[in-house]
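Presented below are the structures under discussion, each in the form of structure tokens.
You will see chain A twice below: alongside chain B first, and alongside chain C after that.
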Partner chain A sequence: MREGGGWLSRLGVAWLWAVLAFLYAPIVVMALMSFNASPFYQLPFAFSTRWYADLWANAEIRAAALRSLVIAATTTAIATALGCAAALALFRYAFRGKALLQALLFPPIAIPWLITGTAMLIFFFGVGLGRGAPAVLIGHVALALPYVVIVVNARLASFDPTLEEAARSLGASPWMVARRVTLPWMAPGVVAGALFAFAVSFDQFVVSYFLARPGDATLPVLIYTSIRKGFTPEINAVSTIVIGVSMAALLAAARFSNFGGRR
Partner chain B sequence: MAQPLGPGDARRAALLLTPAYLWLTAAVFLPLSAMLFFSLLSDAPFRGADWRFTLDNYRAFFATDVYATLLWKSLRLGLTVTALCVVIGFPCAWVLAKTIRGRAREALFLLIILPFWSNSLVRVFSWAIVLRGNGALDWLAGLFSSGDVRLGLLFTPTAVVIGLVHSYLPYVILTTYLALQAIDDTLIEAARSMGADRRTIFRRLVLPLSLPGLAAGAVLVFVPVVGSFMEPRILGGRFGAYFGTVIEDQFVAVFNWPLGAALSFILLAVVLAILSAAAPVLRRAQGAAA
Partner chain C sequence: MAEVSVRDVSKRFGATAALDGVSMDFADGGFCALLGPSGSGKTTLLRVIAGFVAPDAGAILIGGRSVARTPVEKRDIGFMFQNYALFPNMSVAENVGFGLRARKVGAAAERRRVAEALALVRLDGLGDRRPHALSGGQKQRVALARAFVTNPQVLLLDEPLSALDKALRVEMQSELKRIQREIGITTIFVTHDQEEALTLADRVGILREGRLIETGAPREVYNAPSTVFAARFLGDANIFEGRAEGAVLRLPDGTAVRIPPGSDGAAAFAVRPENMRVSLAPPDAPGVDSVRGDLVQRVFAGAMTTCVVTVCGRPMKIVAPDREVADLPEAGPVWVSWDRARMMAIPHP
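Right, the complex of A and B next:
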């Protein structure tokens, strides 16, 4: 209703801004407090970077951050490779049971992570893998994989297969067709899928929480255990960095994908 | 487009699909089956412990009303958070889809979606910082009244609801926005030109057409909220016992894995019942978005 009642749409726009304030205000407050000198979050505000310096000096946090990054990077590589292959097959071939395979992508997304995480814990113990970084990695890849397939599939849906035919009829080999026609078309979807996979892994708390060994924690698990002990500005500082990294990855992903919105 | 399988194609398709689905089987589907198996055991079968098949873990759920009460509490929390998300989110989605145009819409849409994809644990922690006694909210309230204000919202059920609404609101806005965007403006124009007032247009046209998207968003909020445990732990304090936190306890504190597995499975059954009841609506929503 473009011209439907000036005051009503003005009210709506004001509502939208209020919701945006609701979404961002706590994050901004948290970030500001990480630059406040008082260890007890006391106001008035006094600028300081001591909490970031403390972070840098904290070997446990540095190790957890490195572990999180390595797991996220490995997850991204594996989930992207496997996910792109599956997406390509689901796009290209018609076969019986395809609808089932597509439906099987949704349980890892739709079932609460609490259930998936505890189930993984039980199973990994049962097969002798136990807890630790390999278990966390296997779990993260499984959670990230469906997102990659869905994002790449969405990109492929707009692909015109006559382009491949044209290339073939001009004498290109199958490898040439894949490298010069199909893959360049897929590329933005692949990049977006990879960035989603990175975000899913880097931000994953619930599944990591059940699968990580104490002393072998990822960054979110370490943040959670620290929060349970009490709030410190150091947690604000590391949280600010974490949210900065994941927002940067997602803004990059947004350049390559439209998050399901038509634009 | 998908082509029927030629002779070599079946092998190629299998080669491309097998790694991904093998991984999902090993990391999701087998574990879920293992959990069902585990929930029927008397004891965790590790380190040579004695175990036998039993329904005791499920009987435990019905033996006392502790678990049922907590499950009901979690379901109520899910309903509250979902209702709030729908009421707050629908006007946003409407404004985004029908009032704002062009690049401003793109930017605002991204701003709404961005927090949703960023770290949920950190966002919940940020509310703890805002709501804590003598925190940012108390300070803000103090500006508008005289004296020392203590709202004392942290470690209350209200704090849990606020944190969860903050976590899941973007979901409802996203799905509703997609449904609203699919409504042709000329349809609304036509209804108006035939004399329908604003309320009639909303009730007879906009609401029915956006319902699939709204319902999809509601399900996507309700399911994870019923299974939430981290948000109640951080924001709920001593009011923070829910069905999810009891399951967490069985695995990380009490170490009664078979009971934890049974409780997880009961939660999964509830979730699956809700998802399958909503499946027709979800399919329609997917169709509208595609």
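Right, the complex of A and C next:
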């Protein structure tokens, strides 16, 4: 950025703050209210961690949170492993239909989750899997996979394949080449892809709502159903936690993949 | 260290023959240059020897043993890439020590040998640097040290100096020669720079369109090329082509040029630019022949001046010390002369 600057650049900065305020004001209000003692959003603000304590005491929410974490972690592990393998194959081999396969990776990101969720529900009933935890997991992996492939692929695009040849010429086994040369290069992409996968799964509402049975709701699904039953400030607290976790994951991903601008 | 033999190797990429029945032996401890224009197959030959490319036919022998079933990592080679291919996530010492680690020599031996190799390429004390913090010449030295530190059977260098600017390249040529002599590893290097090949190698092989058309010591190939292509590619050459009739070569336009005896029928002779002279009158000395020509260009380049003279409709190049040609007009009729003993008969025109 230019040093100093006139009224125009000050206007620009003010505009940026306005945009950020527009984006974050509801979230900030919600986060503040999660620490307000009054259940009816009454002011003046009285700080309290009461709703977080209630949250901790609520076995249903704890079970849903744990379920969400387990699903997100499992999704991350599976999607990252499959996605890295796919990105490596796309990078390394020339085969028939490669361009088509690569092009087909992007549309699932643009298809509305509502449509994807409906399609998955119909499909899973068609193949006899129905609703339930396995269906949720498969759905999440399918949603997260393109993100991993795209991020890892982008990282690999700048990899110099002669590095692998150099390592082999020096006597390195295929395993040593992977461990010491290829994987260290891929690592930032892999971490970023994993964090994206985690965020996609942990935030996932629509597909989870369609595929989960009433007994095994994830945290976002539980939040939705709780709101329908009647609002309690506990929801503010749990939402604040969900936003915190997701934002941390995405900020870390942006840092690793350099999406948020260079450091 | 070992001798390397290439036996009748062919390799096709789609419709083009990158290598077409190439056979060549590389002596133990020798320094051989593979020379050729781009697309001549020289890099492919190097990559076939390394094992990066599998030949369609033929065999590679390292130390008398066929390596057809030996993958790259088990061939015990050192390969230096044109872009150096230094590992960006490792320090200089880790780069150089990579091959030693793959061979599990132990930490103490690795440290000692890395230090020795860095000393040999005059990079002592830079072991902790990262590759991105090195200059081009330093990167080149690291890549070289990494390739020879394992004491491989054969060192393969793919255009090792082409990424350097001219001054640094000349300096690195003598460094490379010194290092190769000190470690005595069989070395094969690929270049398109004929001067580099002549300077460094004790043997050159010239490739053209996938075929090895000439091998020999640099001086031998330079002074007695067996094809017109080799004569032109290695240094410059002025070619006389026509029909030999006893002691005379009849050029297409009827001009007669005296030639050393022994040729008959269609024949070609070559004279190096530095063995020709340009003058206003034909010199009168025994054993010196001359033809009429038309001076079209004179280019001063410091120590030497290059004259382009059209002889029998074809341009010929003459390189002479500037004082010898300073009196000539910028253009006009001249005589081109040469010592008959310097005329090289081309056996396979």
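The rule is simple: the second predicted complex is superposed on the first by the 254 of 263 C-alpha atoms of A that agree within 3 Å, B and C clash if a C-alpha of one lies under 4 Å from a C-alpha of the other, contacts with A are read in each partner's own complex, and residues count from 1 in each chain.
What we mean here is this: a contact is a pair of C-beta atoms (placed from the backbone, for glycine too) under 8 Å apart; a residue touches a chain by one contact, two chains touch by 3 or more.
Worth saying up front: this structure is predicted, and the values here are computed from it rather than measured.
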Which of chain B and chain C A:A167 touches, first, second, both or neither: second
Touching partner for A:R180 - first (chain B), second (chain C), both, neither: second
First (chain B), second (chain C), both or neither touched by A:F45: neither
Which of chain B and chain C A:R92 touches, first, second, both or neither: first
When both partners are placed on the shared chain, which of chain B and chain C touches more of chain A: B
Touched partner set for A:W56, first chain B, second chain C, both or neither: neither
Contacts of A:V242 with chain B and chain C, given as first, second, both or neither: first
Residues of chain A that lie at the interface with chain B and also at the interface with chain C: none
Residues on chain A engaged by chain B in the complex (per definition of touch): 1-2, 4-5, 8-9, 12-13, 15-16, 19-20, 22-27, 29-30, 33, 41-43, 82-83, 85-86, 88-95, 98, 101, 104-105, 107-108, 110-116, 118-126, 138-139, 141-142, 145-146, 149, 161, 196, 199, 202-203, 205-206, 209-210, 220, 223-224, 227-228, 231, 235-236, 239, 242-243, 246-247, 250-251, 254, 259-263
Residues on chain A engaged by chain C in the complex (per definition of touch): 160, 162-163, 165-174, 176, 180-181, 184-185
Chain A partner contacts - residues on chain B that touch it in the complex: 1-5, 9-10, 12-13, 16-17, 19-21, 23-24, 26-32, 34-35, 38, 45-46, 88-89, 91-92, 94-96, 98-100, 106, 108-115, 117-123, 125-130, 132, 134-136, 139, 166, 169-170, 173-174, 177-178, 181, 185, 188, 192, 198, 220, 223-224, 226-230, 233-234, 244, 247-248, 251-252, 257, 260-261, 264, 267-268, 271, 275, 289
Complex contacts: residues of chain C adjacent to chain A: 50, 52, 71-74, 76-79, 81, 83, 85-90, 98-99, 102-103, 146-147, 150, 156
